[in-house]
Amino acid sequence: MTFANALIALALVLGVTGGLYGVAHLVRLGSTGVGMRPFLSGHDPAEHALSRFHVRWYALTMIFLAFDMEMVFMYPWALVVAEKGTSAVVEMFVFLAILMAGVVYAWREGALRWT
Amino acid sequence: MIELTPWWGALLLPPVLAAFAVAAAVFDSALTARAAGAPAPRAAAGAPLRAAGGLLLQQRRRTLAADAPLWRGAGITLAAAGVLASLVTPLGRWAVGDLSVGIVWFNAMEIVAWAAVWLAGWGANSAFGLVGGYRFIAQGLSYELPHMFALTAPAIGAGSLRVADVVSAQDGLWFAVWMPVAFLVFLATVLAMAFRRPFDHPVSRDTAGGVLAELSGVDRLVFLAGRWLLLVSGAGMAVALFLGGGAGPLLPAWLWSVLKTAAVLAALVWAGHRLPTVRMDRFAELAWLVLIPATLLQALFVSIVVI
Amino acid sequence: MTLQDYLLLAAALFSVGLYGALSQQSIVMIMMGLELMINAVIVGGAAFWYFTSPDRPDGQVVVVLAVTAMAIEMAMGFAVTTAVFRARDVDMTDMAADLRD
Amino acid sequence: MDLRGWLSRRLPVRPLVVPVPGGTASRLAAERTCRTRGWYSAASPAEANLLVVAGATDGALEAAVERVWQSMPAPRARAAIARAEHAEGQLDAAEATLRDTFRQRRQATETVHPGPEPEMAGRGEDRDGLMLDQLTVPLGPVLPEWPAGLVLHTTVQGDVIQDARVELLGLGQVSGGTPWWPYGGGTPRRGLAARHLDTCASLLTLAGAGRAAITARRLRDDVLLGRPAAELTGPLRRWSAGVRRSWPLRWLLSGLGPVDDDLAPPPHLAGDVLARLRRFATAAEEALADLDEDGALPGRSGDESGDAQWTIETLPRLLAGSELAAARLLVASLDPDIEALTGREVRP
Amino acid sequence: MWQEIVFWLCAAGAVGTGIAVFRVDSMARATFALLASFLFGAGTVLLVELTYLGVLVILMMIMEMVIMVVFMVMYMMNPAGLMPMSMLHNQRGSLAIAAGTFALLTAGIYLVDWPTSRAPRPGDPTKALGEALMGPKMLVMIVLGLALFATIVATVVLATNRGRYDRYGDRLERDRPDDPVRGGVGR
């Protein structure tokens, strides 16, 4: 039932968006401007912007990947914490403490800052 | 207590969200007009609808060597994610969808915004758009974990990931009362999720509108509508998880939900007007070293109360 | 929708991933091949849980393990690629074969 | 029912104001008119539908404005404001052309003449050891919240500026070689208060503090309109206290773009972006305190050519290695007045 | 009945986008084709009533693919596929090996008679997973926790260019780290 409702809502959103594109096509003043130059304060672009972008926080992505996997365990843990009692709480928070130790180590190494 | 609406309920979901989005946009432009001393703020009430009309009229643009399919898809994906995020949020007694893992579904739908905003920035083949798109991913990496722990706290409190159970578990006392840290962090991360001010660095003016630098016409309209819908869905989920959904003394349940969501939306938009734009090279450390331990302690406190 | 269909899908995904991992030169593309294989493991694990032992949680634990292993593999892969790129200034597996330092 | 006409009559106007050296008066007039009419300025040509050129343009500046005009989507209108008094009239005329759908449709079919074809980006060294692609990003004449006439040709890797080269455009246009600030704004103290408020307004807009920036612009316009000092001190003191005591601004701007002493900066440009913002806010307050006397001028001295010259020379050193966002805040906090340089021969 | 249709749709989609990952030359398109393949895979997992794991795969895979695209665009030769170039080697061999494994696996699938179980389905598989992780499968969680900690340390060691000795001086005596960009906490 939820699956059907989700599909109906999605179909309606795509329909409305299509409708907007249709109305825009109807009332358009001119055809889509093709080959426009990107905005660089009035200058012509010297290179394509689609290049190897030097991201400054790549260490943050790796720490995020590792820490995020902890969430995989936390969601089912949230269901059973009421029955399992203190042992589940202790286990999960030991698990979290280990990962937080990793994050503090990364902070000391300067990985949370932009290079 | 929350029962599933039949199929036509799903048809009502996008219009209700759109109504909330327009109301929030009107409130936002009224605030800006009052600050700028422009003509009567009442005239600003029509500004968002006039702006939408203007965007419909505006000519669309495609930059040179742009990745057009991915770029156009970004706006539509953002709008779809904005609507699907509140599939499981109950309005009063009705909910369009009822998943046993509603909270995880809401979390998954807002992550779609990461891909959509990056694509809008990357697809335009423009330096400012690229910088804006990457800023949003840095923002995502910083706000996501406090957000997840803030979502987990009510789940622990209710012992279930189903939003209906979380709402019914708040009969006695609303979760916002005994999970204040999780509530505040959740509201802040809802602003970050919808890249609204103060977390609007990806679309800020220092890079000529960042991700929005090359978007015009109906593509821009769909993208901005998606952004508003995401904010409305976040506010709706905040009401369901922390403010007891439809619970309230006199008025019918759905009216309580509407009032609470409107109040949360107004608070979020108002907070946006008060705070400067937060840059991520400063916020990342704050999020990882202050917000994550705070929400973890909140989760610890909640789990101790629960066992 | 039988166990064989699911395993067929898993096998197809696995072999596409294998093709990708073997035919690509850049480390990052090889990782994408690896991930397609882990996608196959996820679909296979879910199928085994549903069809052969729904009462025991082992199938689900396999899927959780696969998701976590994929994240760890990605994080380590990117760290190695960054280290190789910084040292060797290239990300091609052929040229990076002599990882001496 | 002509939907196109109905929509274009209700279209909100989004102006993109292009500041030009020698056109400060018309820029201020244009900004005031747009603000009072509730037209919020656009951040990029894709969002704009009204191009307002405040002052006379020539040579390279004209070419830049023309390229921005080409990349603006229809419906679009253009207004060149040579003198401040004509601002109201020309903006009304431009708005009329904007809402005239027949002319917009004919205009929209113009062909866009393409510029040179960009090629692939090249690689370059970087401070963190990864040799990746570098883009040349000119922070040029037509950019919101940017000093008039200044062009910075920067090589950017990721979002960090590797090196920057300064170029000045449109210097020939400054009428009679006398800068507008601070004497153009009535008495020198009133002009100086407006000058500080203008710098704070653009810096606060870039820092994202929307309300404080709009209030600064309203106060600047009131000061320039000649409203009595008694009326302005209350709101100005509240605004200035708000800016100085705002802890988010302190957390975000402290330690950004530091100017240390070996660069021998003029006294009021020393310190970091936060120090300069606070100094200008207090200077605006002091200049307003005794508005119509001629005592010592706080903050920037009357003659700004020294500041502008120093800024032009040290900008490349200051910007090398700073991020795009930090660089924009740094340039907005220094805010060199290019017009002041016309009195002296220019050595970028 | 509709489950059959949805299953075959998802299966065809997953394999189709999987092949597209190595056919398309723009890195962004390759990564989002891989994401589409994962989403179709998650669709099949949802069909098998494992709602938590299905939605979890959607959540985790979108995040990982966005991070993957960051690195794809950072290190690949021409990230947007504007310059046609081929990054393949010994295509023939790998195609043969892949086809061989596929044939082998399919034969195995159809020859082996898989055990089928009549055991009762648990009401809420997620709760079953939770109990398992807390009970008998606790070892899995703790071992993975340590593995994640090791990953954080290893990635920071491998990827960062300046360690704590560059920031705080050789004997860690400096109290203010000299970083190119200041962070939000501390100096």
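Note that the chains are named A, B, C, D and E in the order they appear, and that numbering of residues resets to 1 at the start of each chain.
The rule is short, and it goes like this: a residue touches a chain if its C-beta (ideal position, glycine included) is under 8 Å from a C-beta of that chain, and two chains touch if they have at least 3 such contacts.
Keep in mind it's a predicted model, so treat the numbers as computed, not measured.
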In contact with chain B and with chain D at once: which chains are those? Just list them.
A, E
Chain C reached from chain A - shortest hop count over touching chains:
1
Measuring from CA centroids, which chain ends up nearest the centre of the complete protein set?
A
With centres defined by CA atoms only, which chain is the most remote from chain A?
D
Tell me which of C-E and B-E has more C-beta pairs in contact.
C-E
Where the centre means the average of the CA atoms, what chain is farthest from chain C?
D
Once you find the CA centre of chain A and the CA centre of chain E, what distance in Å lies between them?
14
Please work out the Cα centroid separation of chain A and chain B, and write it as a whole number of Å.
13
Centroid from C-alpha atoms only, then distance chain C to chain D, rounded to Å. What do you get?
51
Per the C-alpha means, the centres of chain A and chain D lie apart by a whole-Å value of 34
Touching two or more other chains - residue numbers and ranges from chain D
4, 7, 44, 46, 71, 73-75, 108, 114, 118, 120, 127-130, 132, 135, 137, 143, 158-159, 251, 323
Could you check chain C for residues that touch two or more other chains and list them?
64, 67-68, 71-72, 74-75, 78-79, 82, 85-86
Send over the residues of chain E in touch with two or more other chains.
52, 56, 60, 63-64, 67, 70-71, 73-76, 80, 82, 124, 126, 129, 131, 133, 144, 148, 151, 155, 159, 161-162, 180-185
Taking all chains into account, which pairs touch?
A-B, A-C, A-D, A-E, B-D, B-E, C-D, C-E, D-E
The chain D residues in contact with chain B across the complex are 4, 7-8, 10-12, 35-38, 40, 43-44, 46-47, 49, 71, 73-75, 108, 114, 118, 135, 137, 143-145, 156, 158-159, 204-211, 214-215, 218, 246, 248-249, 251-252, 323-325, 328-329
What residues of chain D sit close enough to touch chain C in their complex?
129-131
Can you check the complex and tell me which residues of chain A touch chain E?
48, 50-56, 58-59, 61-70, 72-73, 75-80, 83-84, 87-88, 91, 94-95, 98-99, 101-103, 105-115
For the complex, give me every residue of chain D touching chain A.
3-4, 7, 44-46, 63-65, 67-68, 70-71, 73-75, 101, 104-105, 108-109, 112, 114-116, 118-123, 126-128, 130, 132-133, 135-143, 146, 151, 157-160, 323
With touch defined as at the start, can you tell me which chain D residues reach chain E in the complex?
120, 127-129, 132, 251, 255-256, 321, 323, 326
